[in-house]
Amino acid sequence: MKIAFFGVGNMGGPMACNLLKAGYELNAYDINPEAVEAIIKDGAKGFHSVKDALEGVDVVITMVTQGKIVRELYLGKNGILENAPEGVLLIDCSTIDAESSKLVANEAKKKGFPMIDAPVSGGTAGAAGGTLTFIVGGDSENLDKARPMLEQMGANIFHAGGNGAGQVAKICNNMLLAIHMIGTAEALSLGVANGLDPKVLSEIMGKSSGNNWSLEKYNPYPGVMEGVPASRDFAGGFGNMLMAKDLGLSQEAAIKSKSVTPMGAMALNLYNIHAKKFGNLDFSSIIRTIQGK
Amino acid sequence: MKIAFFGVGNMGGPMACNLLKAGYELNAYDINPEAVEAIIKDGAKGFHSVKDALEGVDVVITMVTQGKIVRELYLGKNGILENAPEGVLLIDCSTIDAESSKLVANEAKKKGFPMIDAPVSGGTAGAAGGTLTFIVGGDSENLDKARPMLEQMGANIFHAGGNGAGQVAKICNNMLLAIHMIGTAEALSLGVANGLDPKVLSEIMGKSSGNNWSLEKYNPYPGVMEGVPASRDFAGGFGNMLMAKDLGLSQEAAIKSKSVTPMGAMALNLYNIHAKKFGNLDFSSIIRTIQGK
Amino acid sequence: MKIAFFGVGNMGGPMACNLLKAGYELNAYDINPEAVEAIIKDGAKGFHSVKDALEGVDVVITMVTQGKIVRELYLGKNGILENAPEGVLLIDCSTIDAESSKLVANEAKKKGFPMIDAPVSGGTAGAAGGTLTFIVGGDSENLDKARPMLEQMGANIFHAGGNGAGQVAKICNNMLLAIHMIGTAEALSLGVANGLDPKVLSEIMGKSSGNNWSLEKYNPYPGVMEGVPASRDFAGGFGNMLMAKDLGLSQEAAIKSKSVTPMGAMALNLYNIHAKKFGNLDFSSIIRTIQGK
Amino acid sequence: MKIAFFGVGNMGGPMACNLLKAGYELNAYDINPEAVEAIIKDGAKGFHSVKDALEGVDVVITMVTQGKIVRELYLGKNGILENAPEGVLLIDCSTIDAESSKLVANEAKKKGFPMIDAPVSGGTAGAAGGTLTFIVGGDSENLDKARPMLEQMGANIFHAGGNGAGQVAKICNNMLLAIHMIGTAEALSLGVANGLDPKVLSEIMGKSSGNNWSLEKYNPYPGVMEGVPASRDFAGGFGNMLMAKDLGLSQEAAIKSKSVTPMGAMALNLYNIHAKKFGNLDFSSIIRTIQGK
C-alpha cells in the first residue's frame, strides 16, 4: 500500500518514518527540501510537486501548520483534490480551525474522496515513539480504513464525531488543559507564598477535589515531580507558542459560536504575554509569569 | 472524655452527632437555640453560656462561619481562652482566613493551650456520613491528640503544615476546584455549540490531558453522569454561596501576599455573578451562567 | 448624481433617506422587500436584482451586517464588481472584519474601482438625524470624492488610514468603549455598595483621572444623568448584541495579530453573558449583570 | 496655629513644607530620622516621640502607607488618641482601607476628636507644587475646619461622604483609571498591530466614544504625546507598585461587599505581574506588558 505524505517536518517526519518502518511505501512532499532529504534516508521517495507525489497512491496524509495551508493544498489549483487518484482516502492530521476542516471534507466528498480530520496530541516525542493520540472527525467507516495506519503512529484513537469534530475536541481539550495548568500554577504559588510546601500541597490537592492532569502528571512547580519539564528548566515538551496557537483556535471557535469562555480567553492572553518571552519553553513554564520571574 | 462543641448547625450538628455515637460526652453551644435542642435529642448537654459549656471538658471543637466569630469566640471577654480548663486541646474546624487562625493559635499558645486548625471539605453529606476530609494546620503532636476524634467525623486527614496551613491548603484546593469546574463547563459548552456530544467529549478529555476532578467525578453537563448534582437540577452538593465565600478568602490571601491569581480572581467574579441568581444550587451549576441560562 | 444603495434596513434606510433629501437619485436594493417598499415612499427606485440596481449609477453604497455578505455582494457571481459601471466609487459602510474589507478593496482595485470602507457609529438615531460618525479607510482622494455624500449622512468624518483601517479604528474604539463602560459600572457599583452616593461619586471621578466618555456622557447608573438609556430602563441606544458583535470582531483581529487584549476578551465574555438575557437593551445595561440584577 | 505632622517622607515632606511656607507652626515626626532632619531645615521642629510631638498643637495630620500603621498610630498605647490635646482636629491623608478609616474615626469620636479622612492624588509632583486633589470623608463642618490647610497643599477638594468615604471614592477612581489605562494600551496596541498610526488612532478615539483620561491626558503610547511618562521611558509619575497597592485595596473592598469587579480584578493581576518587573516605572508603562516587551 502506498501513501502520499505532505508535510514531513518536526511532527510529520517521525510519523512518516513509523509508517515506513511498518512496511508502507511512502511518497514525501514538503516545501522545505531538507525535510524531504531527511525522510528519503529513511526509505521514502521524495517529490517536488504535489501532482507527482500523488501518482499511484492509495492514501493521502497531510500534516501542516495552518488552516490556510490545508485549504490551498487540497483545494488550490494543482492541489490534492484535482490530482489524487480516484477515491483515495484523505487523512488530515493538522491542527486547524474546524471550519476549514469541514469545508475541505465537504469539497472532497463532492469529488468522491472519503476524508477524516485526525489532529494529534503527544508532541514530537509521541510522534517519534509512535504513541500519539489521534482525535478523529469523520464517518466511522472512513476512520476504520485509516485505523491500521493511525495505529502505527499512535497509541490512542478517539472518534469525536463527524468531519471537523476531531478539531473541535482537540481544541476543547487543550483549552481545558491550559486552564487547569494556569490554575495549578496559581494555587501552588499562592500556597507557597503563604508558607506551604509545594510537595505537601500537591499531595493534598492531588487526593482532593482540586486534582487534575496538570497537577498529577505534569506538575509545574520546580522540584515537586521528576521527569517533567519543570524539573529541567522547562526544556522540551509542548511549547508555549503551540499552546497559544491552539488557544487562539479555541477562541475563534468561541467567537463564531457565541460561546462564553472567560477562562479560555484569559488563558489565551496569559499565554500570549508569556510566549513573547518564553516561546519555546514547555507550557508548564507559565508558572514563571504567575510568579513574576 | 468530654468535648465542648461550639456551633452545632448544618455542618457542626452532624459532626457532633458522630462524636456522640462514638461514645464521647458532649457539651453543645450555639447562638441558635433550635440547633442546641436538636443535638440534645442526640444525647448532648445543651448550654447557653460559653463559660458553662467549657466546665470540665478535655477538648474544645469550634465550627462557625467567619474569622470574626472565631476571634470573638476565642479571644473575647467571656471567651474560650479565658474560661477553658488549663491546657485543653483546641480544634477549630471553621473555614476562615489564615490570619485569624494564626492569631488565635498564637494567643492560645501564650496561655498554654495546644491548638490546630482543621477546616473540612465534604459538605453536609460528608458531615452526616462521617466521611469528611480534614486539612490540618498545627504541630504534629497536637494533630495526633485530635486524630481519634477527627477519625470519628472524617475519612481523610491531611497535615498541611503549621497553624493556619490548614486554611491555606483548603482555599488553594477550592480555588483550583472552582477554576477547573468553570473550565470544564466552558470546554463542554464550546464543544456542544460546535456540534459535539457532551458524553463523547467528556470521555475523550477524561482520557486526555484535559482530565480533572470536575470532569471525571462531578461532571457539570446535565445528562452526562448519574448521581451528581447536574443530574438533579443542581440540587444539594456544595452551594454557590459557599464557593464564593471560599474564593473570597483565596483572593484576600492573594492580595495580602501579592500573589498573581488571574484565574482565581475571575472565578470569584463569575461565582459572585452566578450566586446572586442561584445562591443555593450546587457550584457545578455555573454551567448555566456559561450557557446564558 | 445617482447612487445604488444596498441594504436599506434600520441603519441603511434613514441614511439613504438623507441622501434623497439632499437631492441624490437613489436605486435601492435589500433582501427584505419591506425595506425596499419603505424607501420607495421616500423617493427611491426599488430593485430586486443587484445588476439592475447598478445600471447607470455613479456611486455604490453598501450597508450590511456581516463580512461574509459583503464578500458575496461584491465578489459573487452577479455581484457588484461584475456589474457596476466602469470606475464607479464604492463605499462600504458595514462594520465587518478588516480582512474582508481589504480583500474586497483589493479585488475592486484590480478591476479599476476606487473603494473606501466607512463604518459608522451613532446608531439609528444618528442615522436618522444625519449625525453619524464615519471612520474611513482608503486613499485620501477616494475619501474626498465620497465626502459630499458622507456629509449628508454624518457629522464627523475621520480618516484612519488605508483600506481596512476604518474597520480597525472602529473596533478599537468600540472595544475601549466597552471596557470603560464596564469599568464605570464596576466602580460606581463598588462605591454604592460601600456607602457612596452614585451622583457624588460620578462628579468626583468625572473631575479626576477616572474620567471617561461612559461616565461623563452616558452614565450607566440609573438616576445619575438625564436623557441617557439608564434613565429609561436602558431602552434604545446601542444594543448589547451589537456591542457583542463588535467585540467579537475586535477579538478575531487580536487573535490573528497575536495582540494581547485581556480586558477586551473579558468585555466580550461579559457582553456575551449579558446579551443572552438582555440582547436588545442598550449596552450601558451591563451594570445589571455587574449588580446581579 | 500649630500642627503635628506624622509621616514626612516622599509625600508628607513636601506637603508639610507647603504648610510651613503658609506660616503654620509644625511639629514633625517620622520613624525615619533623615526625613525629620530634612523638614527641620524647612522650619519644622523635629520629634522622636508621638507624645512630645502632640504638645500644644491645634491640628494633627497623618500621612503613612498602611491601614495597620494608621491604627497603631492613633489607637496604640502612647498613640495620638491617648496624648493629643482635647478636641484637636484629626486629618488622615493616608490611602488605606475604609474599614480602618471608619474604625479610627469612630474611636476618635468617642473621645471627642473631630476627624476626617483625606486621601490624596497627584503624586510627589502634586505634593511639591501644592496641587494635590483631596477626596474627603467625614462631616462637612470638620472638612470646613480643615479646608484652609488642605488649600495650602492642594488645588481640588472633593467631599465624598461620611468617614471612610474619602478612601472608598479614591480607590473607585483609581480602579477605574487602571481599567481605562490598560484598555487604552490594548486598543492602541491592537490598532498598531493592524496597521494604524497610534497618533491618528488616538485622535479618532479621543473625539469618539472611546475617549478617557488615560487616552487624552496621559497617553501610554510612546511618541504620541509630549510631557507624559510615555515620552520619557515611563520615568516619574505614579508608580506601578502604588497602583497595585490601590487596586489591592479596591479588591479587598469588593470582596467584603460581594461586589462584582471582573475588570478591577484583572487590573490588579496585570499590575501585579507588571510591577514585579517594572515596580518603579509610571503605571502607563503597562503597555509594555501588553506588547510583550
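Here the chain labels run A, B, C and D in written order, and each chain numbers its own residues starting at 1.
Criterion: a contact is a pair of C-beta atoms (placed from the backbone, for glycine too) under 8 Å apart; a residue touches a chain by one contact, two chains touch by 3 or more.
Because the structure is a prediction, the values reported are computed rather than measured.
S.K.: When the contacting C-beta pairs are counted for A-B and for B-D, which pair yields the higher total?
M.R.: More contacting C-beta pairs are found at A-B.
S.K.: Which chain's mean C-alpha position is the greatest distance from chain B's?
M.R.: C
S.K.: Roughly how far is chain B from chain D, going centre to centre by Cα mean, in whole Å?
M.R.: About 38 Å separates the centre of chain B from that of chain D.
S.K.: Which residue numbers or ranges of chain A touch two or more of the other chains?
M.R.: 258-262, 266, 270, 272-273, 289, 292
S.K.: If we count contacts the way the header does, which residues on chain C are in touch with chain B in the complex?
M.R.: Of all residues in chain C, those touching chain B are 262, 266, 272-273, 276-277, 289-290, 292-293.
S.K.: What residues of chain D sit close enough to touch chain C in their complex?
M.R.: My answer: residues 98, 121, 133, 135, 156, 158-162, 164-165, 168-169, 172-177, 179-180, 182-184, 186-191, 193-197, 200-201, 203-205, 207-215, 217-218, 250, 253-254, 257-264, 266-267, 270, 289-292.
S.K.: Of all residues in chain D, which touch chain B in the complex?
M.R.: 244, 248, 251-252, 255, 258-262, 265-266, 268-270, 272-273
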